[in-house]
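Below you'll find the structure I mean.
Chain naming follows the written order as A, B, C, D and E, and within any one chain the residues start at number 1.
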Amino acid sequence: MKDRNKFFIKDLNLYYGTFRALINVNLNIVEKKVTAFIGPSGCGKSTLLRCLNRMNDLIEGVKIDGVVALDDTDIYGDIDVIKLRTKVGMVFQRPNPFPMSCYDNIAYGPRCQGIKDKATLDELVEKSLKQAALWDEVKDRLNKSALGLSGGQQQRLCIARAVAMEPEVILMDEPTSALDPIATSKIEELMESLKEDYTIVIVTHSMQQAARISDNTAFFLSGEVVESDITSNIFTKPRDKRTEDYITGRFG
Amino acid sequence: GCSNNGGSTEENETGTETGNTTVSGEIVAGGSTSTKNIMEATLDEFAALNPDVTAEYNATGSSDGVKNADSGVYQIGTASRNIKEEEKALGLTEKIFAYDGIAVIVNPANKVKDITVEQLAQIYKGEITNWKDLGGEDAQIVVVSREDGSGTRGAFEEIVGFEEELTANATIAEGNGNVQSTVAENENTIGYVSFTYINDTIKALTVEGVEATTDNVLNETYKVSRPFVMVYQDDNLNDAGKAYIEFLMGEEGQAIVEEEGGIPVK
Amino acid sequence: MRKIKDNIVKFIIILSSVISVGILVAILGFVFGKGLGQISKDFFVNEYNSSSYYLSFNAENIKSNISEDKLLDSKYREGMYNIIEKPIYIENIGGAIGIIENTRAKNTDVMITYVENKSPMSKAVDRTGKSIGIKEGFLLNRINGEKVEDKSLEEIVNILEETSGKIELKVVSVGGGVFPNIVTTVYMILLSLGIAAPIGILAAIFLVEYAKPGKLVNLIRFATESLSGIPSIIFGLFGMAFFVVFLKFSLSILSGALTLSIILLPTIIRSTEEALKAVPDSYREASYGVGASKLQTIRKIIVPSAMPGILVAVILSIGRIIGESAALLLTAGTVAKIPDSLFSSGSTLTVQAYYLAKEEGNIEMACAIGIVVILLVIVLNIIAKLITRLFNRANY
Amino acid sequence: MDLMKDNKTDKTRKENFFKYVFMFCAFVAVISVFAITFFVFFRGLKPFMPGTNGYSIVDFLTGLEWRPGQNKFGILYMIVGSIFATAGAIAIGVPVGLLTAVFIAELAPKRLADIIRPAVELLAGIPSVLYGVFGLGIIVSILKGYSPYAQGQSLLASILVLAIMILPTVVSMSETAIRAVPSSYKEGSLALGASKIQTIFKVIIPAARSGILAGVVLGIGRAIGETMAVMLVAGNPIAGIPTSLWDKIRPLTTNIALEMGYASGMHQDLLFSTGVVLFVFIMIINFTLNKIIQKKIS
Amino acid sequence: MKDRNKFFIKDLNLYYGTFRALINVNLNIVEKKVTAFIGPSGCGKSTLLRCLNRMNDLIEGVKIDGVVALDDTDIYGDIDVIKLRTKVGMVFQRPNPFPMSCYDNIAYGPRCQGIKDKATLDELVEKSLKQAALWDEVKDRLNKSALGLSGGQQQRLCIARAVAMEPEVILMDEPTSALDPIATSKIEELMESLKEDYTIVIVTHSMQQAARISDNTAFFLSGEVVESDITSNIFTKPRDKRTEDYITGRFG
């Protein structure tokens, strides 16, 4: 099976006011694979990730040029942003469940889409929680506040919340950086199983993590994508000197 | 019920026992603070006799009473002084419904008992400034007056005869009550309030030997008195308003005026 | 060296705190010391002014076996009255009357101290035929037009016993309480908040969630900020000229509430804005991230999360309504009666306290009202704390 | 393609409808704000307009006597009195309030702070009339014993009453501001071997400056705008620039409240003019303090 | 020259309320060396670091037992905490210059000690800034606000501020985690030069960084010190399986 590109990014520049945070980014993101963005702090990983579901729209003074296409549609064209976001889900660095019950957290997105039927919602909640490997842990406390969960559980709940929308892509911005090792490994396992159905893009600070879980890796430096390739190539035979320096721990 | 909706009130039947024709409607009155007690008592009695009448009195000041009677906010406005020239120009109907004495008050600890109108004028003009000149202790006189525009002040200045020459040194207190509290709190003060506000926290001086009583005002020996006036636009009066005015000016109403410490007009 | 300096400064800091707290204690002591003596049950349930009624009924012979003790043991005794002459039961009217002394006004009155179950008095009608009913605690003023003032208890009893057929009594309900002011205060709170809270909260949502930062928002912010510094007397002037005179709402609780609303708006807008801004962006992001629309995000996530802050703003506003006097005096009038429509005037507790101090020099009563207000404010503060705590618990 | 926009759905309509509801409310708020401003200025400037047989603005602003009966409407002595009273209240209330806030936020044991804080907030809830009554009954009575005049109503009494009244505002705003100072500043300072007191005065208070100033602004607003309390203790004379703490003053607000019920015609308009002066005062103070805050921060 | 222990930590337990954040920690910190604390998030690195200058005193409900001795004095005994902190300086994760001028930032500590003399202060400021390799960059803007500096400069300013106290030990809690690579490498160079005069303890998330700059390394896991040794040993022949797993990127 030939790899199909889910996202196609061409000559993308992004400015925060006058500061150019992304510089001529060209990148393809392959369908049903895990793509990792690595690079030192402030290099623009989160910025690019948030371009993919137009989350940057929320920030005042952001200007963008270039093309970001999802399945060949330019998402910066005249599209329905809300629909885009139902297709491209997102999980954030800090677990951010809503201050409501676990059930309501998962049902939030579908309800916003107008799904009211209790049975449908019940089913969706159960399915999503199972996919997020959280069902067994929370099935008895579905109606308790999600804020009472542990950090790792909260993060899986957020993944379940994203999954409940049945998106095509899931974006994850350092999803494990606030978690302990055990929770981290659970989430990594989860990603492994999710990639059968979803295209996953993950930002991570940990090269080990990128090496462990991703199929493709893009290395960022100061707003540029220095190199992108299949993960093993990046870690074993980087083409760029800067990539090599970073991989071998000469900085960062 | 047998209320007389929109009917006319040919006749004032208050005071008789049975078979009353009552009026209905709303009376909004307001104005002078000094007339408040009288107005409230008569309105209460009137409303008791005419249970379908609702009545309220807002004590917002004499000038406000005239102004609002003109603008229609009050059906009946009251002033505790004579109507001024520029107010007369508004073409309101005036009616004196009572007279009032103004008591000159000092702190109960003050030894002075009597004062003359002449002395009062000198004190309020700032010419006498020490109690010893009046036979009291050697202490500065603290002059307390009311706010500009107050009916009580207007009347007092007019009667005592120092109009617009109030000493710059005077303390201005808002309302009869504040004059009273200010005088009650300091033994060197002198002030003036409506008769209706005399109580035991303060002492009323005799003026030229005459005690501050209603009788003495009636027999014209007590000099410091003034009229209570009400003003209204004739076509702004509803039935209830008309009937009330008749009631107030009648025997019943005047009896209440007297009960409340005012001096009846007849 | 540093230690000494630190200690001196510490001493000054503690001294300042002692001064602040001392002042508080002094003020509370003053208010409670002056006012506490005035507070009784009557104070809360009575009208401020006494009101008179002419009520008539037909004499009937109602026997009663009420005991002597019971006759003395009526409700009025808890209030501001002392019994001077023991009440006497009169079969003709099915009730007892006695002579009492008003401890506050220091005068004596004739009071209907007891009304038997089937007494004709409870079916008494006013002159329009409306049934009002004579109640225990009413003062008796006239019998069939004749004043009772200078008569002895026996004479009065005799007159009543000898009258048959229709009897008309002039009775006076006892005043001296602040019930109407409490009711007016409640009306004022409901009305002003009913106007200002929705407008203010929705306006704040617009400013935080919709408006692009720029000149317009800055202008609005500047306007609201300067407005919060304007003395309320100026609002009173505006309310008087605009609502009272121009719109002809007259001196009324409506004019007062509208004026208060304008006073409250800046505070409500500012505090709501702060509460909305304090909602973590992560909630917004998460909501948009699952494809919620802006309105959905506002309604389901942002406003509920900002609720404690908004509620606190509302409660602070209530405090402001309760404490306001200057503006209300010019717009809502001074009538101490329960307003019977939006267009009747009424005085809140604070206005009444102000009025009593200013016009009647009745410091004790003003302080008594002050006590009620202070208690109200304490209750409100506690509610505000509880709300914050409740919501905080929900968050963690 | 299913990502395409569809503007005609119920959902978009609802979104837009509510957006306009929000906007409408914002405009109502703004309009009422401007209506008041406009109205007060309109009435207040009317007497000074050319063409009317009004009053000279110069006489108004520089006059030393307020005798409406004699057509003398000078408010300079009131302006001076207001400024003195406000400045005095700030000079006393701000330091005491600030230090109390420091005590509550940084020094007091948690339990004590939890008692003092609500107690001080309670002070803010007491209607100002009662402050006036308290001022008349206690402060004025005490001052009378020391005054060279035979009465206690004075600038000093006004200052004290106002200082008490701005205390709660200053305390709670400063306390909030002090608490909001990032703990990293505190940690940074303590880690350098500074003592607690040094940390408070050299780092925390400067860093909380803008919040504290905001409290001061509100406090000034309250001091200038306060009517009912000062009216009872100021003396409100009809003339005379105060030259000592024992002189009586007539604050601008009091002037309005005292006579509004009684005034008519030009007298009333000139009371509005007094309101305009107050308004301008507050604006100037807000503006300068904002500028100071901004300058200090940049 | 025999290595001398600057800090001697024995059987240290620390509780946040009822939560035991440090469990029987035993560790020596060698004078004039760089000691790195590594380990996954939440394992207690910062907590231990903050024990060394009693910064934890500021936190409500912290209880400590065990011994922490500085030059053989138990710092939890009856000592002057303020003096302790002048001896043991600290640099935080996020640069936290005070909102005042660069000069005043550096002079802050000495002034608090009562040094008023302008010439002395001038000299001290210059010396500290030079030591922190910042002098050339800020000498022309000493009187401008420190908040106008870049992140890396701010962090070096904070180091200079600590150095100005002429402490014996400098504690650094992830001093470069908020910085870009260039700023990071500058600070690493700086540490290299500082260790001639000072004992340095650094918490870091980056194993590369620990490997690059430290002489000794302690590996933390869930509140325990799993292993501490000279850095090359930890990275090449860890004794504990968990250390090895962490080093080789099996978690964290």
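By our rule, contacts are C-beta pairs under 8 Å (C-beta built on N, C-alpha and C of every residue); 3 or more make two chains touch, one makes a residue touch a chain.
Computed from a predicted model, the values in this text were never measured in an experiment.
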item	value
Co-neighbours of chain D and chain B - touch as defined	C
Chain nearest the global centroid, as defined over all protein CA atoms shown	D
Per Cα centroids, the chain farthest from chain C	E
Busiest interface, counted in C-beta pairs	C-D
Distance between the centres, which are taken as Cα means, of chain C and chain B, whole angstrom	29
Averaged-CA centre spacing for the pair chain E and chain B, given as whole angstrom	82
Chain centre separation (chain A, chain E; CA means) in Å	34
Distance between chain centroids, defined by C-alpha means - chain A, chain C (Å)	57
Multi-chain contact sites of chain B, meaning residues that touch two or more partners	60, 174, 178, 181
Where chain E touches two or more other chains at once, by residue number	112
Contacts with 2+ other chains: residues of chain C	2, 293, 330, 357, 363
Partner chain C, residues of chain A touching it in the complex	53, 55, 58, 60, 82-83, 85-86, 89-90, 92, 94, 96-99, 108-109, 112-113, 145, 147, 158, 161-162, 164-165
Chain B-touching residues of chain D, taken from the complex the two chains share	65-70, 136-137, 140-141, 144, 149-153, 231-232, 235-240, 248, 250, 257-265, 267
Sites on chain C touched by chain B in the complex	49-54, 56, 126-130, 132, 144-145, 166, 168, 170, 244-245, 248, 250-251, 329-330, 333-335, 337, 340, 344-345, 355-363
Residue ranges of chain B in contact with chain C within the complex	1-3, 15-18, 20, 22, 28, 30, 33, 36, 40, 44-45, 47-52, 54, 56-60, 71-73, 174-181, 184, 197, 199, 201
Chain D partner contacts - residues on chain B that touch it in the complex	60-64, 66-67, 86-87, 139-142, 147-150, 163-164, 166, 168-174, 178, 181-182, 185-186, 188-189
